[in-house]
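Following are the structures in question.
Heads up, the next two complexes both have subunit A, just with different partners, subunit B and then subunit C.
Coming up: the complex of A and B.
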């Protein structure tokens, strides 16, 4: 096992930077997930770590040793590919043993290790089958077994679950978590699937257009996204983003959003660069949008356009004005139908503020949230303005 | 639409009627296609039929007729020439096959996987060269061979046959290697395999059908080569079967149809065997699915 460092790593294809100044420290034993949409440079970063691509600039180190000039075979890493990359002409046993044969592991030792891994992954009865005879999940387990037998310093995984169906993916996710706990291995895992990232990672590194947007634990990423991209990329359904305006009432800062005025805690955020009354993006997670089908009194009103029952919860999309729709996550069997006019409240404790030009988060790390003395009825309270 | 009258198979426990919809059996297009195929098939089969019949006919001539059965033709051919023409043909074909296929695999791998400056131009030149008639180059090649004192040798003759077979084999094998997913080589590389091991343990087994096609093709074209051995190797002891057949047409004053057919039949046997072999390679044992998905 070993730690991994990316130090100001760039990868240019022609003049186009695919990876742009990536600096990242991955601790020994960490399950780090590189998360981002396709084309964000996450796979290229992993391939540079594997030695399959050369960084244009920057240093990559495994276990404190610079590996830039080392070929893949000397880096002591194992990789699980999205397409499994099993040798089709070899049996499962042959696939698992190939690497050990190359490393001249003694026969008895080889059989012992092979047996151990095959038992761990439930592959014992498949040892004499060829990849073509296996299901997707079984192939993925063989690919994983091949990586385990390498006993590498670092495991690299490139979207290993994306070709599996949903049930199998959830099951393999659990298996990977168990495996990571058991082996205490350093794993660098690339995915565009936020569910995989959130469930398995000890830390997530979110990438966007070649840049590292944010690194943190899954909960940190979800609770305090560093910029608008991370905020909208992580979380399903997506975070609602509306335009708001920062101002002040009686010398204390307020946020005007959705026709309401909310008193803010001045210690909880920084002002946007331009001026103190600038426009900002306000992010609201769907679970912080509260719907109340009855009581048509003071509040934001919305006309329900879409209702998506998911069984355990229902997603409601409501139009508040010509430019604004909000998605709310409500309990199942809430009596809301398309066309209803509903009353919407917002849990302002978990509001997110983003600079309109830089799109960076304006919130400072606090424990209490951005809003001064939050109460559920905060709207009613500050409506005086 | 009608309903199935006979009993359903026991594995089926129908809960409703079994509906059968009939499809038309013969269409005008189908009839036209089959007729054309039969005509073309007969055109190909008739000369072969003559070959077989004439070989066992005591009084063979141009016509196709019931033979006056004899094995005299085969005996005469084998006593006149012995097995030497066959041995010579085999020598030329084997050396050509090994040299051409081996070099083609290495060249095709490099052209497929490595950065080669001007790769496109190189491949176009290879394609052009594979279509170039050998006879066009024969005069300068003769000059070169004469200067190098390479004339009248089976080995050097097969080297030229190999060189002329190379372009097509490279083109063929490159397409096979292109189809091998890069991830397989990357996976092997990460597991600790160098280029040679990757080539031998990962790429080679996967392009085996292509390699077999290239080898058989090289073998057959060298086996059937006539002009090149005729020009480059004047030693009568080195004469391959193709040149030996030629003598049935000219040197005896009249054409001995029976012996010509018998010799041709014997001479084409290895080719037939190889075609059967290649058909087997494609039919069984080479189902390479499941390694990668996508």
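Coming up: the complex of A and C.
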């Protein structure tokens, strides 16, 4: 087991930076998920850590040892590839044993370890099959088994679940969490699936266009996204983003959004960079959009365009004006149909503010903790008269 | 599972159908195939047991001679030399030489820079696409006394077609035919997913170990196909050897195709030439069968 450092790491393909000044400390035993859309540089970062790509600039260290020039085989890492990369001509047993043969593990010890991992992953009856005869989930388990038998300092996983169907993916997610707890291993896991990131990670590193956008625990990332990209990328359905204005009433700051005026604690946010315009982006999570509230006075009216019942909840998309639609997460069996005019209320205690040009979050980190956490007292509502 | 469940819902609609009209349509190409392909082979089989000549007493009046030709073959020392030379040529120059050099080039080119890969590819393929007679002439000039080969080896008075005829012919054929194996292996190497090799790399395999334990086993089926095709191509190769040496000096490069030509068209022994060609077919069939068998058991 070991910790991992990226220090100002760049990777250029030609002149195009794919990874742009990545600095990241991964602690020993951490399950760190690199999350981002395709092309954000997350897989390239992982491949640099694996030794399959060389960083253009910067330093990568595993267990405090600089590995930039170290070949892959000397890094003591194990990698699970997206399409598993099993050796097609070898049986499951051969696939599992190959690495141990390379390391000249004695035969008896090899069989013991192989048996242990095969039992753990439920591969015992498949040991003599070839990869072509296995299902996607089975192949995935073989790839995982191969990595486990390596007993590496760091596990690297490149979207290992992306080729599995939804049920199997959920099952393997639980399996990976269990394995991580059991082995207490350092895992660097790449995915574009925020559900995987949220469920498995001890910390998430969100990447966008080669940059590291934010690092934090899943809850921190969800509750206090550092910028508009993170805010809209994490969370499903996506965060609603509407335009608002910062102004002042009686010398105290207020936010005007969706026809309402909300008083704000001046210590809770910074003014936007572009002082010429007071316009900001306001982010509202769908669970903070409440349909059919008790008090019609606070309400925004919306016409229902889409209703998506998911069983445990229902998603409602409503148009509030020509430019604004809001997605709300409502309890199941809420009697709302397409075409209905509904009253919407916003939970003003959980709003997010972003600078319109830099798209950075305008909310200040609270002093109570090292990371930004949301304080419900930040917003106090001002009734529009 | 549910195999003992019988569905009785009437006539199956997904049975393979037989239609008389299509059978009639297929009879025409079937007939062509029979007369143009099966017919000549059967006729050749028959001719191999006759005393037919191209010019001579048996050119007009020829007949079935039973085992006369096979008996003659059994006592023909040139024939046995010829079989031996053919096997040396096919195995040495083709199956080992062209295959190994082609494989090596394909492996090296995969890792090389674009300009090198392109120029090597063009050169090797050029040797393959130039007419065989031209290739033969190039090698004829190259290996003559005073030729480039003599100058390079500091023996300018040596005619390599006389001092080492079989070796020279084999190397010329290797030079000419390597492109085929190279192209076959290059295509196969492109089909090996890079992740599989990367996985082996991360697992700690050296470059040689990756080649030995991953790349080569994955090339197995391609190797068999390549060997099969190279055998077929080289077994019947005539132009290069005939243009270079006409089977000589003596009979030292008299492979079966050259010997067949000599018997049938120089000595006008069409019947006996056909007998030898039947042996060539048998050798080809035996080798092919061997490869097909190997590829089946490997798969």
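Convention: the second predicted complex is superposed on the first by the 359 of 385 C-alpha atoms of A that agree within 3 Å, B and C clash if a C-alpha of one lies under 4 Å from a C-alpha of the other, contacts with A are read in each partner's own complex, and residues count from 1 in each chain.
We take it that a residue touches a chain if its C-beta (ideal position, glycine included) is under 8 Å from a C-beta of that chain, and two chains touch if they have at least 3 such contacts.
Computed from a predicted structure; not experimentally measured.
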| item | value |
| --- | --- |
| Superposed partners subunit B and subunit C on subunit A - clash or fit | clash |
| Contacts of A:163 with subunit B and subunit C, given as first, second, both or neither | first |
| Partner chain(s) touched by A:241 [first = subunit B, second = subunit C, both, neither] | neither |
| Which of subunit B and subunit C A:183 touches, first, second, both or neither | neither |
| Which of subunit B and subunit C A:72 touches, first, second, both or neither | both |
| Contacts of A:136 with subunit B and subunit C, given as first, second, both or neither | first |
| Touching both subunit B and subunit C, residues of subunit A | 50-52, 71-73, 75, 77-79, 81-83, 85-89, 98-99, 102-103, 146, 150 |
| Subunit A to subunit B touching residues, read off their complex | 50-52, 71-73, 75, 77-79, 81-89, 98-99, 102-103, 130-134, 136, 139, 146, 150, 163 |
| Touching residues on subunit A, where the partner in the complex is subunit C | 50-52, 71-75, 77-79, 81-83, 85-90, 98-99, 102-103, 146, 150, 156 |
| Residues on subunit C engaged by subunit A in the complex (per definition of touch) | 193, 195-196, 198-206, 209, 213-214, 217-218, 220 |
| In the complex with subunit A, residue positions of subunit B that touch it | 181, 183-184, 186-194, 197, 201-202, 205-206, 287-294 |
